[in-house]
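Here it is, the structure, as structure tokens.
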Amino acid sequence: MAANNPGVPASIDKETAFTLAQSEMEYRVELFNRLVHTCFNKCVDRRYKENELNMGENSCIDRCTAKYWAVNNIVGQMISGGQQRPM
Amino acid sequence: MAANNPGVPASIDKETAFTLAQSEMEYRVELFNRLVHTCFNKCVDRRYKENELNMGENSCIDRCTAKYWAVNNIVGQMISGGQQRPM
Amino acid sequence: MAANNPGVPASIDKETAFTLAQSEMEYRVELFNRLVHTCFNKCVDRRYKENELNMGENSCIDRCTAKYWAVNNIVGQMISGGQQRPM
Amino acid sequence: IENLQLRDSLRMYNSLTERCFNDCVESFTRKSLQKQEETCVTRCVEKYMKHSMRVGMRFAELSQGAATSD
Amino acid sequence: IENLQLRDSLRMYNSLTERCFNDCVESFTRKSLQKQEETCVTRCVEKYMKHSMRVGMRFAELSQGAATSD
Amino acid sequence: IENLQLRDSLRMYNSLTERCFNDCVESFTRKSLQKQEETCVTRCVEKYMKHSMRVGMRFAELSQGAATSD
């Protein structure tokens, strides 16, 4: 998933490189969007009694983000067969 | 969001204009799809005892559509910082 | 939906043909993804007590796939007004 | 634009299948659809298409800024 | 890249509308939003944007491989 | 077509993360994954990939119009 991925042959042409970069970008945008969506569901009180995030919500968000990241790393390792560590 | 948006500089080139128009189109298509999906969930009896929408469902759909539209306007105003009214 | 669709005029140009093929491909990818997602929800025990699918889960998956396919065919026939059988 | 419409109608097709399957199919003791499941799917599709058309009309009115009362 | 960002912000706009509508609007006896529904939507959008920014900061830190303790 | 496959596998990656996270992670009193959460995620991924392959085989059969009995 890294830009300078050692598994990518040196001879790939420009168009392919562009497509790869674009796909990686889309992947990261979607990762971020799903993370935002999921952690909002897990952490934020949806009765909306105030317009500020309180302390409990904020620390939940930090931990949720870290855990989501960790799960994403496990999934990436398993999908790629443990050969390379994605992201 | 409007095609003849006063905030868009006059000097934008054709390609950019095309991309903007396409993005706006995609945005409207998705707005419509989400509206259909959401109001079906809120208004239609999903036991499917008949294949017609009854009167209660129909007026619910009209109101749901109007309210969804209103919420979309509020969100748009807040996202753009209140500077311009989207849509 | 078929590649050699009798409803498609013979004079369509290459670009249109390419777009049609790409749209069909995207449609099939999304059909597959939604099928996987839906049948996982219906058939697999999500407490994850083991890492194998058991016999009950496996036969549920086979039937779920067949039924999903059948529903997709009905929907396709109705959408196209019964004129042609999609897929 | 036409391509967008095509892509969109194929996505609608997929989402309709998923919805009506979820709402109508509950048992997995057989491979074939039961009669009442089929009836349910048919009604689901019909209701959804009628719903979709109605929303489309209201949506068009709102896009044109039609004034409306409660 | 810019196009991706534009497309993405428009998608965020749509998902925010759907979420806040679902969380805040329950009654369909009127066509217009009630006062408390409007307040709810406003807070929902504000909280979501603050949440989104906070996740963005943490996400950037994790992307740079910042070491973190519990 | 290859690009479609790449894009699709990256989307699968994202949806797998979201699903296994939602099914396996419930507590937010710590920043790091607990041992049983990690086990759960591992099993979730394995089951999902096996499930996905099985559906793939059935899907291919149905695409080719294979006759099937209950």
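Chains: A, B, C, D, E and F, in written order; residue numbering restarts at 1 for each.
Going forward, a residue touches a chain if its C-beta (ideal position, glycine included) is under 8 Å from a C-beta of that chain, and two chains touch if they have at least 3 such contacts.
Computed from a predicted model, the values in this text were never measured in an experiment.
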Option reproducing the contacts of B-E, where over half of them reappear, out of C-D, C-F or A-E: C-D
Maximum centroid distance from chain E, chain identifier (CA atoms): C
Chain separated most widely from chain A, comparing mean CA positions: D
Intercentroid distance (Cα basis), chain C paired with chain A, Å: 28
Whole-Å separation of chain centres (CA-atom averages), chain A against chain D: 32
Length of the line joining the C-alpha centres of chain B and chain D, rounded to whole Å: 17
Multi-chain contact sites of chain C, meaning residues that touch two or more partners: 26, 43, 62, 66
Multi-partner residues of chain F (at least 2 other chains): 11, 15, 24, 30-32, 42, 46, 68
Complex contact set, residues of chain E against chain A: 1, 4, 8, 11-12, 15, 19, 23-24, 40, 42-44, 46-48, 50-52, 54-56, 58-59, 62-63, 68
Chain B contact footprint on chain E (complex, rising order): 3, 6-7, 9-11, 13-18, 20-22, 24-25, 28-33, 37-38, 41-42, 45-46, 49
Contact footprint of chain D on chain C as seen in their complex: 19-20, 23-24, 26-27, 30-31, 34, 38, 42-43, 59-60, 62-64, 66-68, 70-72, 74-76, 78-79, 86
Complex contact set, residues of chain C against chain F: 22, 25-26, 29, 32-33, 35-37, 39-40, 43-44, 46, 48-53, 57-58, 61-62, 65-66, 69, 87
